[in-house]
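The following blocks contain the structures, represented as structure tokens.
Two complexes, one shared chain (chain A), two partners (chain B, chain C).
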Partner chain A sequence: MLSFQSLIFLIFAPLIASLIILCPLFPSTDTAVRRFSKWFSVCHFLYAITFLLLFQSQNPVLVLEDELKLFSLHWIDTLGISATFSMDSLSLALVLLTTFIFFIAFVMSKRTIKKDFKIYYSLMFLLEMCILGIFCAKDLFIFFLLWELELVPMYFLISKWGSVNAKASAMKFLLYTFFGSIFILLGIFTIYFYSYSISGVLTSNMDMLITDSNLYPPQIIYFAFICFLIGFGVKLPIVPLHTWLADAHSDAPTPVSIVLAAILLKTGAYGLLRFNLSLFPDIFLTLAPALMFFAAVNCIYASSLAVVQKDIKRLIAFSSISQMGIFLIGLFSVNYIGLSGAVFQLISHAIIAAGLFTVAGILYSIYSTRDIDYIHNHLKNSPLFMFVSIPIILAAVGVPLFSGFIAEFLSFVGGMTSDFGITLPKILTSISIFTIVLSSAYILKLFHSCFFGVRDLNFTRDISGHRLNVLIIISVIVLFFGIFPNFLSDIYMPFIDTTVDMLGVQ
Partner chain B sequence: MTELIEHNIFLVLFLPVWVCLFILVNHFVKFTDTKKLTYFFTLFSTTVGLIFSSFLLYSTLFPVQRTIENSLLWFQYGNLSVYFGVFIDNISAIFLFILMCVSLAVHIFSYDYMKDDEDFHKYFFYLNFFNFSMSALLVSSNLIQTYIFWELVGVASYLLIGFWYKRADVSLAAKKVFWINRIGDFTFLLALITLIYYSVSYLQSFPQGEILAFTNLDAITFNLQALMSETTFVSILLLLALSAFVKSAQFPFQTWLVDAMKAPTPVSALIHSATMVCAGLFLILRLYPMFMASEFILHLIFIVGLFTAIFCALFALPQRNIKKMLAYSTSSQLGLMFFALGALSPTAAIFYMCAHAFAKSSLFLTTGYVSKLYGDELNMNKLGGVRYNKFLLALYWFIASVSLSGMAFIGRNAKEAIYGSFFNPSSYLTLSLLVLVSFLTTVYLFRSYLKIFEFESNLSMKYMSSYSMTFGILGVVLLSLCGGAIINNELLKAITPQNFFFTEYHDLGLALILIAAALIGISVAFITVKIKPKRNIIPRFIVKFFYRGAYIDSIFKFIGSILFISVCKVLKFIDEYIFDGCVKLISFISVKLSHLVKKLQNGNFQTYIAYAVFSAGLILYLAFQIYSYIAKEL
Partner chain C sequence: MNFFYDILIYNPQELVLSFFIITGLLLSLFNNERLNKFAYLFALFGIITAILSTLSINITTGMGHGNSFTSSNLFSVVSKTLILFSALLIIILSRKIISEYSKKAFEFVTLIFSGVLGACCLVISNDFLTAFVSLEMLSVSGYLLVGFTKTQRAKEASIKYLIQSCFASALLLFGVSYIYGLSGSIDFYSVSDFCFSLSPTFFYPALGLLTIMGIMFKLGCVPFTNWIPDIYEGASYPVGAFISLVPKIAGFAFLVRILAFIFPHMPIATLALQIIAVISVIYGVFGAISQTNIKRLWGYSSIIQSGFILCAVSFMTVYSLSSVLFYLGVYIFMNLGVWCASYQFNINTGSDLIADNEGLYKKRPYFSIAYTICLISLAGLPLTAGFLAKIYLFSSIIKSGLEYFSLLFILLLLSLGAIFAYFNVIKNIFVSSSKLLSFPFKYTTADMLLYFCAFLTIVLCLIPNSFIKISQIVSFYIN
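Presenting the complex of A and B:
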């Protein structure tokens, strides 16, 4: 580890940026704040890349651990709570993703955000800090603290800079996720106290907690598991708990929608991987075939809903839910291929969703509406915009050579090869594969309504500058990971290896 | 020379990709805007492809049948290792050769056809992308790679159908084509994933290394049969056959091919007549050892093929749009090839594929030229008299029609190869149906010939001549005229898969039957076009039924845009009023409750006192109850 590489600094650098922006001396013009944020996020991303280089140069598997101490004290020592952060390969992959997506979000903020620049950018940095903390937290209470804290900037970002209904949607988002958080807190308390009653050591460090299902009475451990499942299921979302998502996504401003779809949903997925899978492997294996049902419902139900949406952003939001269903298939298959596909899907979907919301944001800036029918009836000619959107559209459909396909393919193969001794998960996977037909239905509906059949042939409204660059960057990345999936999967593979070893499955 | 080719297969395979990259970079950087440069690179890559594929054809077939194999590991997760490779045997070599021949002709043709289009570079970008995906599909070394490029050729076809994206009708057609093809992709993926499941889970019983490699298909088939139940095996084959039917526009999926005609005409010539639609045929041929294991599936292919051949020929008869007529004709001819596959004569299917590719692409390219002359007019009723100005075009159409209807040239040999095995008294029913197909083919081809090229028309014709278009057509017309010299008996014998044998079939009786059917067909066409019988012999509703393609399209439309959408709307209703309704109900109840509680805080002192007294009494009562309960317990 090089001297300048500090995990704590990596996580809390956005907080520093946020404070710098809020400082009264800092200029309050749009350009100044945005340029600062953009370059800061670029530097932050590059800083995160140095961690990747560190991880790749080290062999055996590396786990960075670092603790935030004030005056060399633990945080709440008497209760065994300490601000410990650790980074393994999964965290690294998600941290890299977060820093990259925030860069895209900052670039896309240009001309989208029209008021209160200082507060907007500092809230975005605060949000970034919370999310990075979630991905790296080692301590249950720090995790929960950041999990809750993240809602505050998100609430204001949606309600203050969003569209007409934003206030109601933000409130719904806030209350709904709080509802989920209660269950997470319940789960955390359950294992925190029960582990104490077994070992006699008060600790909330994930490594030191005792979650061995043999030592617990079954109802307690199942209770904790289900609590976590519901809590993270709200964020992911798993289908009956999804109704906040479409409202929040559609009413948020474009950069915030990008962050919501690309990263915020992934915190739920991360929770499932880190808590439900890693802490309770036995129960996970027992319940996985039953939970596969929810995965199939996510896939089919959400994509059927996406087909009949009239609002571009709602359509993309439902497509996100359906894509998370594919993640769930990979996850509940609980085998090497499926888990690889699930994590691949997390990252690939994040980038594709960012691309889709970018396209939606540009469309909104051209037509000042998100209504698909209105756009189709007033279609302007934008050949270059259409051409650079094609890779993102194809990636969202899941065409091979784009990253979406690898993720889907691995998840479905994982679901099919899942070895539970019953055929039900296989049948559910087969049903879920039908989502590739549905995904082509809704994505092509979006694409064709917004680009095909031009009404006014003489009037051309095309894109240039930062928007063009963002679309090109995203297309190139999606294509690159689709052709060379190993570059992406090598980052998080040690996590899959250790998990699979721990589970003792194929 | 052979070694040079074998070592550089990947280089040639990726040549179109380099052209694509060049066009793409040029699009954004714009260091040169000459269309000629794009055209030159495209022609270069296709020509090199043609030279290589001809060498490959001969080096894989002569002196003995052999395969060229070369695979690289693409990615590996656990037991699942996916390879990207090249596996060229007799089947892929001949398909590759046909692809390259037609592709070169179409590329040459396209220059003048597209030169006034603002998206000239984009067109060649897509075309090169198609070339790459199609050749990679044909040389793929395992089923996973086949699936990947199977989807990519679909995407290329979709992009080219949607090429004139500004038109609303094109938008609808492209969307529909993609959706219907996606159903085929779905069945393919389902079958593929099930096959992968067996090969990954029972790894030890399969050949080591590449999963589902075509190299050891016999061993894989044997193992699969041993591992899975008969039903599973047959249903996997059924899924694969379904996706082949979709790709090759077999009944009832022929509707997408008609919609695909919204593409630029050279694209229809390349993708929707000669190459991509044969991918379904290729898939079945590729997995022939597997398909041979199930009688049922072979019978299904046989019946679907025959059915499509007859009905699509009937649908082609009343069409007015030349390209739609040609599209139905393509489906019908592909039906004959599937029929041959089902009848266990793969060589005849391949032979017919070659003959059809040459003839059909000549027809399409000629159509393209004619429509250019008349300002994109494709309605054959409005056209007429092209022969008097452009005699050569009429000649080209005539040659291609003669070949396709089985009167002479390569077409007759190919037809004889298919029909020959039924030329015996025991299968006279099948033979008569086949002869019917051939008769119908002649009728619609010569009917359109008479309408387009003979007689007079009101439309004024632009006088133009184009070298690139003429050369393009000439290439494929020459091939359909004397392609028999290239695809000769020796080659066909060498192509024949192992365990099969191909015998030259020359029977005067069969030839006479074919020619008689064709001549009757020509006379029928002449009568209907020239004499125009006053009274309709065939009732109007039947004509309309066939004109509309037996309303299959409407059925698809009903399923897609009414049935499916209503199910989705019901789900949306459930989502909004039940799932979200619960959430809203909870929030409603909590708001109402808080309003109720709010009333307690009315600022009235007497009320507060009353509450306090009431609460104190309640607490005292409860305390007393608890006390007495505890006292009783003690």
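Presenting the complex of A and C:
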């Protein structure tokens, strides 16, 4: 580990940026704040890359640990709570993703955000800090603190800069996700105090907690598991708990929609991987075949809803839910291929969703409407726009050579090879495969309205500048990970290896 | 002589306060305009002296000592310090009202002081007589303070307060008289001994509950909730802040004291207090959701917070009491913060309505951020001390037994409603509107106090370690 690499600094650098922007001396013009944010996020991304190099050059199963101490004090001594953070390969992959997506979001804020620049960018940085903290938290209560803290900037980002209905949607988002947090808190309390009653040590460090299911009465450990499942299921979202998502996504401004779909949903997925899978492996294996049902419902129900949407942002939002269904299939198959496909899907979907929302944002800025019936662009009016967005559209459909295909393929193969002794999970997986058909239906509907509408000879609506650059970057990444998936999967593979070892499955 | 010496050694705050009350009354007789200008400084000096006199208590040897009327322990000293500290902040807040009513400035200061004295005496009382007298002292100064501005609303609120409070006091007295009749004593120790010797009969717990009901009035819990919003609405802002803080802290400290004596013989109290607490929170949440007047909202908010605290009090373990103490400490700042902000808003625009806050962010961004921090803290979201205090409080419920999950779940669901109510205000603050741009916003002490409270709410969340440690140590010394 090099001397300048500090995990705490990696997580809390956005907070520093946020405070710098909020400082009264900082200029309040759009350009100044945005350029600062953009270059800061570039530097932050490069700083995160140095961690990748560290993991690659030294030891891939490395786990970095660090503790935040204010005035050299632990956070709360007597309750065994300390602000400990750790980074393994899964955290590393998600941290890299987060820093990258925030860079995209900052670039896309140009001309989308039209007022109160200082507070907008500082809230975005605060949000980034929370999400990085969630991906690295080692302590249950620090995790929960950051999990709740993330709601506050998100509420303001949606309600203040969103569209007409944004206030109601933001409140819905806040109440729904807090409802999920209630269950997470119950789960945290259960294992925190039960582990204390077994070991006599009050601690909330994930490594020191005792979650061995043999030491617990079954009802208590199942209770904790289901609490976490519901809590993270709201964020992911799993279908009966999904209704906040479409409103929040469609009413948020474009950069915030990008962050919501690309990263915020992944915190729920991360919770499932880190809590449900790693803390309660036995119960996870027992319940996984039954939970596969939810995965199938997610896939089919959400993509059917997406097909009938008129609002492009809602369409993409429902497509996100169905894509998370594919993640769930990989996760609940609980084998090597399925798990690696699930994590691949997280990252691939994040980049694709960022791309799709960028396209939607550009269309909105041209037509000032999100209604698919009123958007009728023609490819000859905007050839460049079409050329750079085709890879994103194809990746969203899941065409080979693009990253979406790899993720779907691995997840479905995982589901089909799942070994639970019963055939139900395989039947459910084969039903879910039809989501690919539905996804091509809704994505092509979007594509059609984008580029095969009425041609207006006097009017060209092509893109240039920052929007073009963003779409080029995303397209290249989607194509690159589709052709060389190893570059991505090598980053998080150590996590899959250790998990599979721990579970004792194939 | 020995008696006086005892008071000097163990309860110097009360002595200092009494001295300043008498001096204040004498000074108010002169009714001199030049003299009245010093009322604010006089009040500050008095309360700071009282706080500093706490330092003269020898913590190592003086604890646990008591004559028959009063007894001090570390818990009572800390609760008295909290009371005095919140009184200090309220006096700073009421600088404007003191200079506005300069003819009655000393009267106002003396009333605040006598209220604080009543609260302090309540905390250290060792028999029901002292407790009753100090409770009345607290209440009487409360009636007068509420009616201080003499508007129609204030007079109505004052009378309402008087009548309702008398009813609650009568209940308390009724319970106490039965306890005296049965045990032949009003001393807490003797009553506790008597309860120990007695086999638990049906009416004994009922009498204990009757006594507790009297205290519920001060806390603003069910069944005595309906006075709170009306009286907060009628009172001026500093007085409202005073009523929402001082009687509440004193009431909780006294409740803990009584329960510490009676509780071991009265297991039914846990259930009764929990039912009271949950109904209070339900009442508060449903009242708060549809509120349009900001003072009434703070009223319902104080009912909600009381309910949360009462739930933890009902367990009477060291862990739960330390969480109560921490919560009360945090509650001072977050509650006072929102009172300051709405007071400052009222001074400049003359409005009490939540809807009128629209566009506040555009007019005063930093003020709005501080206001929002206090509101978020009351709602119990991070990165504020309210979040930490709430988590600590809720963890104490689970710590007492996994069977209390349903209770915790109800409370958490209700806090969802509370979040909605508080974010209603936040939503209005951040609405883009240029309605407020024409109003001049003058800086007052309320401004400064708001920033101070918001700052402390954040700091208490970032560095809570030593405060939680202190609260845990203090909770060991309940008896």
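General observations
In this text, the second predicted complex is superposed on the first by the 500 of 506 C-alpha atoms of A that agree within 3 Å, B and C clash if a C-alpha of one lies under 4 Å from a C-alpha of the other, contacts with A are read in each partner's own complex, and residues count from 1 in each chain.
Here is the rule we go by: a contact is a pair of C-beta atoms (placed from the backbone, for glycine too) under 8 Å apart; a residue touches a chain by one contact, two chains touch by 3 or more.
The shown structure was predicted, so the numbers you read here are calculated from the model rather than taken from an experiment.
After overlaying the two complexes on the shared chain, residue contacts for A:193 are found with chain C alone; chain B is out of touch.
Once chain A of one complex is fitted onto chain A of the other, the partner contacts of A:175 extend to both chain B and chain C. With both structures placed on the common chain, the touch criterion links A:89 to neither chain B nor chain C.
Of the two partner chains placed by superposition, only chain B is touched by A:440; chain C is not. Judged by the touch definition given at the top, the superposed model places A:298 against neither chain B nor chain C.
Contact with chain C, but none with chain B, is seen for A:115 once the two complexes are overlaid on the shared chain.
In the superposition on chain A, no contact is made by A:382 with either chain B or chain C.
Counting the residues of chain A touched by each of chain B and chain C gives the higher count for B. In the superposition on chain A, the residues of chain A touched by chain B in one structure and by chain C in the other are 175.
For chain C in complex with chain A, the touching residues are 365, 376, 381-383, 387, 391-392, 394-395, 398-399, 402, 405, 408-409, 412-413, 416, 419-420, 423, 427, 430, 432, 462-466, 468-469, 472. Touching chain B in their complex are the following residues of chain A: 172, 175-176, 240, 242-244, 301, 304-305, 307-309, 335-337, 340-341, 381, 383, 386-387, 390, 394, 399-401, 405-406, 410, 412-413, 416-417, 419, 426, 429-430, 433-434, 436-437, 440-441, 444-445, 448, 451-454, 457, 485-486, 489, 506. Chain A makes touch with chain C in their complex at residues 70-71, 73-79, 115, 119, 141, 144-146, 148-149, 151-152, 155-156, 159-160, 167, 171, 174-175, 178-179, 182, 185-186, 189-190, 192-194, 220. By the touch criterion given at the top, residues 27, 75, 77-80, 119, 122, 147-149, 151-152, 155, 159, 162, 165-168, 170-172, 174-175, 178-179, 182-183, 185-186, 189-190, 193-194, 196-197, 200-201, 564-565, 567-569, 571-572, 575, 579-580, 583, 587 of chain B touch chain A in their complex.
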